[in-house]
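Lettered A, B, C, D and E in written order, each chain numbered from 1.
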Amino acid sequence: MDVILFLVFALIAVVCAINVVVQTHPISSALSLVGVMGSLAVLYLLLGAEFIAAAQVIVYAGAIMVLFVFVIMLLNAGAEAKKGRSFMVQLLGVPLLIAFLGLVAFFVQRMYGDEAVSFGMFQKGGPKEIGQALFTTYLLPFEVTSLLILVAIVGAIVLARKEID
Amino acid sequence: MPANFGFNPADMTRFLPEILLAVFGTFLMVLDPILQKRASYAFGHLSILGLLAALGGSLAAYNNAGPAFGGMLVIDGYGTFFRVLTIAVGILTVLPSYRFLARQEAETSEYHALLLFSIAGQCLMVVANDLIMVFIGLEISSISSYIMAGYLRDDKRNNESALKYFLLGSFATGFFLYGVALIYGATGSVNLSTVRAHVLQQNAEPVLLAVAAALMFVGLAFKVSAAPFQIWAPDVYQGAPTPVSAFLSAGPKAAAFAVFLRIFYTAFEPIGARWEPLVWGAALLSMCIGNFAALLQTNVKRMLAYSSIAHAGYVLVAITARSGDGAAALMFYMASYALMNIGAFAAVTYLSGKGDRFVDVEDFKGLAKKQPMAAALFTIFLLSLIGVPLTGGFFAKFYIFRAALESHLVWLTVLGLLNSAVAAYYYLRILVMMYMHEPSEASETVEPLSTGLRLALVLPALGTLVLGIFPNWVLEFAGKSAAMIR
Amino acid sequence: MNLLTGVLFLPLAAFLVALVLPRNSGAGRTWALLSSTGIFAASLGLLAYFDRNLGGEQFGVDVPWIQSPDIHFAISVNGVSLWLILLSTFLTPICVLISWNYIKDRGKEFYAFLLLLEFGLIGVFLAQDLFLFYVFWEVCLVPMYFLIGIWGHDRRIYAAVKFFLYTMAGSVLMLAAIIYLYVRAHTFSYPAIVDMLGSGRLVFSSQEELLLFLAFFVAFAIKVPLFPLHTWLPDAHVEAPSAGSVMLASVMLKMGTYSILHYCLPLFPGAAHSCAPWIAVLAIIGIIYGALVSMVQPNMKKLVAYSSVSHLGFVVLGIFTFEQTGLDGAVYQMLNHGISTGALFVLVGLLYERRHSLEIKDYGGVATAAPWLSTVFLVTTLASIGLPLLNNFVGEFLVLQGTALANFTWTVWAAIGVILSACYMLWMYQRVFYGELGDEVKHHVPDLSPREWAAVVPLIVMMVWMGVYSQSFLPPVTRNTAIVLKQTNVNVSYRVQAPAAKSVEVAHAR
Amino acid sequence: MLSAVPISWFLTLSAVLFALGVAGFLFRRNIITVFMSIELMLNAVNLSFVTFSYHYKSVDGHLFTFFVMVVAAAEAAVGLAIILTVFKNRGTLNIDDVDSMKN
Amino acid sequence: MQLWLIPILPLAGFLINGVLGRRFPKSLVNAVAIGSVVLSFLWVVKTLLALGGLQEPHLEHYFTWIQSGDLTVNCDFMVDRLTAVFLLVVTGVGLLIHIYAIGYMAHEGGYYRFFAYLNLFMFFMLVLVLGASYLLLFVGWEGVGLCSYLLIGFYFDKKFATNAGNKAFIVNRIGDFGFSLAMFLIFRNFQSLEFSQVFTKASSAQEWVLTTIGLLLMVGACGKSAQIPLYVWLPDAMAGPTPVSALIHAATMVTAGVYMTARSNVIFNHAPGAASVIAIIGVATAFLAATIGITQNDIKKVFAYSTVSQLGYMFIGIGSGAYAAGVWHVVTHAFFKALLFLGAGSVIHALSGEQDLRQMGGLRKKTPITFWTMCCAWVAIAGVPPFAGFYSKDAILAAAYEHSPAIYWIGVITAGITAFYVSRAMFLAFFGEPRGHHHPHESPPVMWVPLAILGVLSLAGGYLFNIPEYLRDIFPPIHEADNPALVYISVAAGFAGIGLAYLMYVAKPGMADSVANALKAPYQLIYNKYFVDELYDATVVKPLVGGSRLVLWKGVDAGLIDGMVNGVGARARDVGSVLRLLQSGNIRSYAAWVLFGGVALIVMMGLAGGIR
């Protein structure tokens, strides 16, 4: 059961991710990305991360991706033009990526070859545990993220507002 | 551990500089609608006030040194050194910005606020003892920097600079984060002390750790613009507003190096034999790429960007040394480098004029005739960048190569020193232009030094000379603090 | 704080004062003349209080400067450096005098740089701490770079940059070697290191010693300049203003030879001995080659520059004879070259000031138009070609005699240089001063003015004095070179007895 | 038939997604898509965090994921603003056109 | 005895005239210049009288000149009988020539300069003969070379004069090269340069060392005393004013080589090989120079080659071990050759500068005093007994016969040629009809009085001054066959030369040309001085200058060495230009680099040290 769930959503995630990469129109990419995020949320649940799964859907798929789509619409971005120019990138990129992937997968495989995940084995990923950690151990980063967000707000204003005069 | 967590007043003292910076930054923006445009210099004054306060704060924090927030932060000499350094960089960035912003008729409050936030992020990074804290600090610093690089939003080069910086920076951050994840996977913690303990006890998977180190190396090397991840720096420095380029080349870089060293000297120290050859190679590559590519540059900002790549290479030599002396050398180097580089950029700011028109090497022609004071100060920075004795740049190089030789890095030392001879060429070109040619349009039309710019040139020049003649003051502190990192 | 510190820091103080003088007034040159004369007087005091009967270092000052690494402000003066310091302080006022009217643009800066250069030069000769030595070594570079680059002739920038980079390239290797020495010896103190080497507390493997020696030697050889590292010199000389050429030829080149004597020999005796044949051959090639190339130069300054290559070849040759006579001769030759080549550059500068050309073909018949100038030039020429009773003769004689004691074949070859020096100098003299008087020369070349006399006479006096009564100068030199030789040879015998040194450090260099 | 999913599968999936993110950065020309590729990379890392959290039976990894989300949000805001200014100035979203500074 | 006064007086004269002379009236210049030499001469006389028999050398120490290691060079003056002879010749003949110059130079520019140089020359020459060590001798040696250079190039606006000056100096330098090497070897082997010590140690030294030293000394002597192969400068040196030719290039300086070799007799005595080489060089020079003398038309050139030839005689003497004879010839030669030159000067003066024999003729009546005084020299040089030349030449030839009959015979032939070319010059100048367009006039007394004195000395000098006897202690007489036939043969050769000249130039004036035409090739060869100058020019000077310019300077220095230096710079820039291509400006390619770096790092980190 877990295996099937995993396989199904992993497959969705991968297919959507590939779609992100191969689609030439940004809106298709954006929607595929939402798909990736959704399926990831399912996998999070599988790993017992209830809060994160929710946040994934709400913050990521909900807020951030909406922002993307909004900007795509705003800029009226069309399909990208086919221009060469990056032969080198492809030449270099594909083998490198394969190498990267192979390496990481190889190492991961060797490290965690035998441990298995089964649904419900880990149940401390609920809002309560998260909240407790946030306000004790992770109080500082949590507070500091406010600064981060403030910076983001200021930045967005600075860059995107119209001239007053 | 979480259960007995309580509010600890000492923690607040230790966190004081960041608080002050954030408060002043916010305050600036609150004041913006009240003060209106006519008082644009007031924001500069305020931000200097804030920086000075933060400077006091970091000293106060150092008086009360120790871990804070359950080991998230460690206030030690090392961290304080870099806190003070980044704050000083901030002050030296504000000074030339007065004139720069006025010239561009740009908004000042947000600029200064972003600067303060960015410095707050850097201060956080350098005292962080937890990778997640490092990550957040890094992001605060970086995101503010992205914005500042593109601050003049109607300027095409600013846009391009910001975009490149942002996209590539986020890209590299992705790698860094992946590294953090792998470390978490390998050790179950991202606290540097804990990680180190795990690694020392051989609990962690060495290969996974090595891959994690490699990935974090990517992220950090990117931030310090070390080869082969230096590639963004020339474009970004060239395109960003000149004071921002100055800031980027000093502040975030110093903070990133601080983190780099802290991570690799604490958490990854036990696997030093593995990463040392990599840093060795990166150091050499950075020096060579930076110096050789700079030989042909005509844009001063771009040239200084390449030079900053080369200097990153020298600093990596210090990391390669893997010794307390190496750490002290790095601290000293960053201090003198920050001073001389930011001074050099201030000189460029001075000459560049509205819209950064005059940033070509040729534009410096005859500056010494028209503005001997500015030229002389710029000369000090250039000589220091070359590494002529009695300047900070010389001692910095000297300490680094001494540390390297003590760790038997003979070839790296020889190649590094030869590189510094190559570097002399392009710095000399500017000197040639300033002193040995008739004035260009830029030097003919340049306005006299304003107070802010004057301070922005004189203070780092004094600092450079002091570091060159009495390096003891800084070096002793660096030596003591460096010995405590592990 | 003693007299020596005073002599060292007076030029720096004068430099700082010069910086704040008003621009575009005569204040700069007046101040430079006054202060440099004062400094010369102070250095004469040094001479007066120098105990000629004692060998070794005197007036030692040792103040800790930086704690870690342990760097000291350690200076002292010995029988060799004493004269070199006097040479620098002696020539600086002369340089001011010959620049008096010649430097019109940015005069204040010019004189300031001249004083800064003096400071650096004195420091190089005084430093007893390797780090301090390196500091001064590099400090000299900067003012000279500006002197050439700003006030030089047409290709001044090329020459200045070449000068800077060439020297820099050599000195970074020396820096590496200095740091390496520190890592091994844990001190920068030169006497301490020599002492450790002598007592066997510090032993280098022969490979190590060779590399260190070469690192030092290449830096010095570039400065000397030893063939084939000499090509910066003609460019720098030709393009530099007269005062720059004078300081460059007379004192700066001596930095190299003095350092070879003072550092390369006592610190790395074994390597010095094993390299000596190669270096001697290079020196001899330099002697002959410099002379031959000098002979065919169409430009007076270039001619004198190549002649310096030839002359300095004698100095290097003398040092690597490891004979008292050779070393003394080398030191004496350093001083001689300082005086006579300095004078040549002064005089060529005077000609240039008049006729605005350095090309030999633009002259001819000057002897008719300016008999005194010609006479003074002739005396200098004769000094330069080593005529007895003038200074160079004593030096050349001692060097060649020392060489003859070491290896007679070298002497035969080196002595050819003496023949050739007559060829190029007299040929130039003939073409410039003799022959029909052309209109250009007639109208533009007046005889010496009182100010110029004041610059030239001391030089002539020194040429004769040093040639006739060398005992005024040689005894302190001899005492010092004897010590150097002792250090060099003692170490060698030690090295022979010592068990084969462990091949350390370099082996695991990465 | 496996009864439980090996943890390495999750990690491998994370690596695959990360690689695809990198690929998107390399091969896409639209700046917005490139930016989305970065988001994909961050998501992949998040998966790793959560997986490791499961492995260690600790909540820490979740917190990291949480912070990464915040950072991603902040980056998105700023990044899109930057993209906006670029578009305003250049009228293009093609990443290859943004190369006025080089060499 | 204050020997130092002897050279110092002329030096003072030089300094006074040199520094202030330009403002002095001529009379004051004369007073200073002549006065200093007179005083010096008187001081020499007084000293010698005071020193008496001079059985032992008299040495005076003044100060240590150079001291370094084992090497000590003192400034010591020494007088022995050899020195005494030279002192008298130098100051005596020098004085006469100084006086003569008052008249000769009366109308020349640079009057004070001329006398200053002459005084300086006197100083150095006296140092040369007084010096008690090789190095001090070398000081004088180089110094007289300098004065020679200055005086040859006295007319410095004339290119040929300055060329000749340079040539003299440089050729001398080549000789000095040998001399200095000899000194270095002497010190290397004997640890001293003092004559007394060197000669003490030399007698016990190895022969090959002494031979080497001797040969090197001879190289020096060849330069200074104009012997093959370095004689080429002396004929050119005639570009200087005639008194200079007389004083420096005939009477004194050029005999310095003889002095030096005679002084080093101990060395040559123990190095017979070197001595033989000297004799051979001497005889070859004597013969070749004499043949060239036959064909020259410039009266001073004739005498110049004559000087070279006579110097060759002196070296025959030295090489044959007859040092005293050599020195004797120095003395007599000083008299008659100085006289010949001064006489020639008088002729030239009379003809307002004309030096070509073909433009002279018939001067016997116009300038009788000059003619008769020159006749004294004529008979002296031709070896007519009992005049000065006869004694010394005879002594040399006798010694040469002992050494090697071949040298004797060549010497005799040379004696004949000598008589011939001097007679030729005399006949051409003083006999026959005037050929030029000049209005000759006799010289003033200030010129002819010295001529007269020298004339007397030329006639009686050989008889009056029996040098070998005087120098007996220093140069023990060598065994020589008392063979009167040898004397007759050489005297006969002299008369034959005179006779032949009379035949060709007085009796049958056309004969000379027809002989020359008949022997065209050899005549041309000799007339052009065997093309030695051209040979040197083509084999040494041109290749050296051309090679230095094209190969060393343009090729090696500018091309190779500097090319490499600049090449390093250019390559660095090339590297830079390649590296900056990495910076394409394209974000995606930047990302590719980051990825590349990342993968490379992972590979290296992960795989370094192996996968455990």
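Here is the rule we go by: contacts are C-beta pairs under 8 Å (C-beta built on N, C-alpha and C of every residue); 3 or more make two chains touch, one makes a residue touch a chain.
These figures come from a predicted structure and were not determined experimentally.
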| item | value |
| --- | --- |
| Any chain that touches subunit D and subunit C | B, E |
| Neighbouring chains common to subunit B and subunit C, by label | E |
| Relative to subunit D, chain with the most remote C-alpha centre | E |
| Nearest-to-centre chain - CA centroid comparison | C |
| Centroid comparison with subunit B (C-alpha atoms), farthest chain | E |
| Result of counting contacting C-beta pairs for D-E and B-D, higher pair | B-D |
| Euclidean distance of C-alpha centroids - subunit B vs subunit E, Å | 77 |
| Inter-chain centre distance, subunit A versus subunit D - centres from mean C-alpha coordinates, in Å | 5 |
| Rounded Å distance, subunit A centre to subunit C centre (Cα mean) | 70 |
| Euclidean distance of C-alpha centroids - subunit C vs subunit E, Å | 36 |
| Subunit E residues counted as touching two or more neighbouring chains | 569, 580, 583, 585-588, 591-592, 595-596, 598, 602, 606, 611 |
| Subunit C: positions in contact with at least two other chains | 165 |
| Sequence positions of subunit B contacting 2 or more other chains | 132, 136, 139, 143, 146-147, 150, 153, 162-164, 167, 171, 185, 207, 211, 234-235, 425 |
| Chain pairs that touch, as defined at the top of this document | A-B, A-D, A-E, B-C, B-D, B-E, C-E, D-E |
| Touch list for subunit E against partner subunit A, complex | 586, 588-589, 591-592, 595-596, 598-599, 602-603, 606, 611 |
| Subunit B contact footprint on subunit C (complex, rising order) | 23, 65-69, 106, 109, 131, 134-139, 141-142, 145-146, 149-150, 156-157, 160-161, 164-165, 168-169, 172-173, 175-176, 179-180, 182-183, 505-506, 508-510 |
| Sites on subunit B touched by subunit A in the complex | 1-3, 5, 15, 18, 22, 25-26, 29, 68-70, 72-73, 107, 110, 113-114, 117-118, 120-121, 124, 132-133, 136-137, 139-140, 143-144, 146-147, 150-151, 153, 162, 185-186, 205, 207-208, 211 |
| Interface residues, subunit D side, partner subunit E - complex | 22, 25-27, 29, 34, 95-96, 98-103 |
| Residues of subunit A that touch subunit E when the two form their complex | 85-86, 88-89, 92-93, 96-97, 99-100, 103-104, 107, 110 |
